[in-house]
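When the chains are written out, they are named A, B, C, D, E and F in that same order, and each has its own residue count from 1.
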Amino acid sequence: MVNHRISRFPVPELSDLPQDIRDRIEAVQEKSGFVPNVFVALAHRADEFRAFFAMHDALMDKSDGLSKAEREMVVVATSATNNCLYCVVAHGAILRIRAKNPLIADQLATNPWKADLSDRERTIVDFALLVAGNSASITDDQIAALEEKGLTQAEIWDIGAITAFFASSNRLANLASMRPNDEFYSMAR
Amino acid sequence: MVNHRISRFPVPELSDLPQDIRDRIEAVQEKSGFVPNVFVALAHRADEFRAFFAMHDALMDKSDGLSKAEREMVVVATSATNNCLYCVVAHGAILRIRAKNPLIADQLATNPWKADLSDRERTIVDFALLVAGNSASITDDQIAALEEKGLTQAEIWDIGAITAFFASSNRLANLASMRPNDEFYSMAR
Amino acid sequence: MVNHRISRFPVPELSDLPQDIRDRIEAVQEKSGFVPNVFVALAHRADEFRAFFAMHDALMDKSDGLSKAEREMVVVATSATNNCLYCVVAHGAILRIRAKNPLIADQLATNPWKADLSDRERTIVDFALLVAGNSASITDDQIAALEEKGLTQAEIWDIGAITAFFASSNRLANLASMRPNDEFYSMAR
Amino acid sequence: MVNHRISRFPVPELSDLPQDIRDRIEAVQEKSGFVPNVFVALAHRADEFRAFFAMHDALMDKSDGLSKAEREMVVVATSATNNCLYCVVAHGAILRIRAKNPLIADQLATNPWKADLSDRERTIVDFALLVAGNSASITDDQIAALEEKGLTQAEIWDIGAITAFFASSNRLANLASMRPNDEFYSMAR
Amino acid sequence: MVNHRISRFPVPELSDLPQDIRDRIEAVQEKSGFVPNVFVALAHRADEFRAFFAMHDALMDKSDGLSKAEREMVVVATSATNNCLYCVVAHGAILRIRAKNPLIADQLATNPWKADLSDRERTIVDFALLVAGNSASITDDQIAALEEKGLTQAEIWDIGAITAFFASSNRLANLASMRPNDEFYSMAR
Amino acid sequence: MVNHRISRFPVPELSDLPQDIRDRIEAVQEKSGFVPNVFVALAHRADEFRAFFAMHDALMDKSDGLSKAEREMVVVATSATNNCLYCVVAHGAILRIRAKNPLIADQLATNPWKADLSDRERTIVDFALLVAGNSASITDDQIAALEEKGLTQAEIWDIGAITAFFASSNRLANLASMRPNDEFYSMAR
């Protein structure tokens, strides 16, 4: 029957966690008003938790080159192709906020080819979908074509690295059947 | 650049339409407060419009056997596998209303295997996905297994017929790049 | 073991049907010399029967723009990709008659890229296969390219709408394991 | 435009061929009343021609274990999944003759899961489709299950070897765009 | 023409790197006798480098539960399905060393279903392939079946987390067209 | 548990074989120092053995047009897409010898798009992969493009015919779960 647990794997009590992880979780709770479930679902593995959020922050908490909204577009479009409920719902909310657009997340998640995108955003999302779906076939000519459309080498790396990181996150969340917090569904609509 | 038109194909003025089609459109407008774009996007072909909505009503406007919410679950889950933006967004809204559940549409659209479903709903959605994705391989044994799980023959037909009708609707909406009304995105969340 | 029934679902007696449905069936019997099984396999649902044939007639019984043979080419090629025995065999027969070509149906059903087609027919069939297989990815550029090859907007809609209708018919026929009448196999060879 | 040539590759004159190949071609012409195009399409490579027909005869011209009709069922079902027009049309004709069944070839080519097959034929065709589509995944358990259903080890090899040989023939025929003789389409219907 | 560069993206000089990254690279060079190219290919992004190897070490440098050889089996099998040359060649070498088996890496990379595996290894590799290929469909029943076969919850997480991490690594290496060092190809054969 | 047998099907004693087959096997043993398992795995069917090696020799034992190394590149790249362990390992060894390149076999087997290939080799391998994966879609324009890149018609046939032959060999080897001799793994590295 219907099952509302957060994860298939152990979910520790906050009080049982190492101090640095508690600090991180309490900081996000203060900022967001609730603790996104990914923090508690990964906390049973302290070293993996730290590496995961270190990579997350290195890729998502900056806005030189790709804007923060563009980064979230990559996350939502590629997470949808991997059918990752947690990532689509949670990052869909963040994308709506960052892009100040209540429609864009559902559009990218349902049919990324029909979303309301600028030419630059179209190029970014198309390449992200290629990295997500068939990275083995990427050619030098395809990289050169992105540069001709105005992307820098650093931006191309960012698109690929964000897509790669969420290829991992999507699989972890699917493995754990990680449940998105109810709050995310209605944020910024 | 970003393009907000309703359809790639002609969108007639209401005043240019046959009376029965105008009546239908005005009735839905009165009930919903706006005209869902599918009505105007199909109106350039009067006979096809009439047949389309006759089939729609025959399959969706009844609740013997499958409930109205179950019918909409079939629509959302199968339309998502066809990446149909119009059907997922518009019928997602209707599903939230009919199921009195603000989460279920996003769940079914993103990962139908992880949605909060009862056992009966799980059986219904799984069969709908089979008809949508590989109807040619359906065996007598699979039909018998559905009956063992408590579905009647009429319910099995309904699941298949709704899935089949939206296989058609999804392709039409994608062909036309039909745009969901902004109102649908936030309804009943 | 081998099973020759017409459908997995109820097949009503002609005498039990509403008058308008009986009239339609008797008309086709008079014209064809036999009753194609689709008529009896759908008759257990009167409203769906009426809507189905209303859509069929709106799309298939005209020849402005796409010729009747071109319409049947769309049906046979796309029904084959959906492995729909009923539609390939029955509409294969109709295509042979309409195109006055005993080979074209088997060619389109087996390998649509190797059939004896004119350039215009090639364009039509290729687009139908795109709508059948991946309608979500259709771009404005692809539509424009069809217009450059000489198709009108109305013809493009017809190709898409016929393909969409048979996406539905193929799934219904596969659901019911609908059996083509033996007569169809050898007609017009 | 429409192109009726037999092959994309050289088609030699009968008089230019080595005597053994001429003899083989003249023998088939005498028996069938026409020369199937595969003989002339492969004749430009004498050694490959000889090896090809040696393998063909070793696999197809015997009836211990699998009957000749069962062998042709394997050919038609697997050639259809490879969209090989030549093999489906030519061997479809042979299958109709060998099985004394005018419907079976079109059934197997269009939807092999819905053909009028006995339980034994169903087992044979299902295994052939597995070898054609995903031979890498075949397990010992699957082989053992075939033996439990009554197939001998020699029959299992024959199913696999015929499927393997036509995996090759289908690709050669598609490479050459080999054209089936018109005669095949209507034989034994 | 043939191109032997290490990466499509910048490869910094060792002397230009932060001290902690230089230390890590010099340590691996001392241990292995050469610097695996992944270290220099990721070094242009210091924070991503640190997070990447922190996750790598958390998942790969332990042997409680899954042995080190079993961890490498997961890497090689799943990296092969992603066609990642760097990961298959480099981790193939490590697997040959850890498993003391010169054949196992080529077996897992070419056909993971035919490799010389124990029952436990078979279970591990099969689940890794499921997480790599279709994590969205994993059910509670499938997790329970793994436990019945003797895997602990911690081992199941490890299989999934390693597969997830290499889903990311494979995409990064393919994005960069990262070149495996020649030394890896012949190690431990 | 781990199983090291050569084939799922009968493996006859050398002394029980027809003289011509014994001669062939003894010749290869003298030349190679061991008997490749394919010879003993096919020997239970004398006529098929003869036809198989006749085709093999006609396609692989010549070097006009395609060089012997280029022929083996086709074998390794296409056998890898079919996950054929025997063909990848055995012909990988032969390719390393013929191309005098210890890396090329693993590169082609893991990611054929990233291998160290000349432009001509790139064209050859790309076409082989097309014939292996989707021969039905090959167009006249694609053949003409190969000729523009400098391939002769005879070379195009050779690429296609070798790919076709190994489509067959791969399926036979997978059917039999044919085991590569241990010697092949380390040859010419």
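Points worth noting:
In this text, a residue touches a chain if its C-beta (ideal position, glycine included) is under 8 Å from a C-beta of that chain, and two chains touch if they have at least 3 such contacts.
Because the structure is a prediction, the values reported are computed rather than measured.
Common neighbours of subunit D and subunit F under the contact rule above are C, E. Of the pairs listed in A-C, B-E or B-C, the one whose interface repeats that of D-F, with over half of its contact pairs matching by residue number, is B-C. Among the remaining chains, A is positioned farthest from subunit D, on the basis of C-alpha centroids. Each chain gets one centre point, the mean of its Cα atoms, and the points for subunit A and subunit B are 29 Å apart. Computed centre separation for the pair subunit A/subunit E is 23 angstrom, with centres defined by C-alpha atoms. Rounded to whole angstrom, the centroid-to-centroid distance between subunit D and subunit E, based on C-alpha atoms, equals 43 Å. Listed for subunit E are residues 83-84, 111, 113-114, 136, 174, 177, each touching two or more other chains.
All chain pairs that count as touching, in label order, are A-B, A-C, A-E, A-F, B-C, B-D, B-E, C-D, C-F, D-E, D-F, E-F. Only residues 3, 8-10, 45, 47-48, 50-52, 54-55, 57-59, 82-84, 131-132, 135-136, 138, 140, 143, 153, 157, 160-161, 163-165, 167-172, 174-175, 177 of subunit B touch subunit C when the two sit together in their complex.
Across the interface of their complex, subunit C is touched by residues 111, 113-114 of subunit A.
Looking at the complex, you find that subunit E touches subunit F at residues 1-4, 80, 83-85, 88-89, 102-103, 106-107, 109-111, 113-114, 116-119, 174, 177, 182, 185-186, 189.
Looking at the complex, you find that subunit B touches subunit D at residues 136-137, 139.
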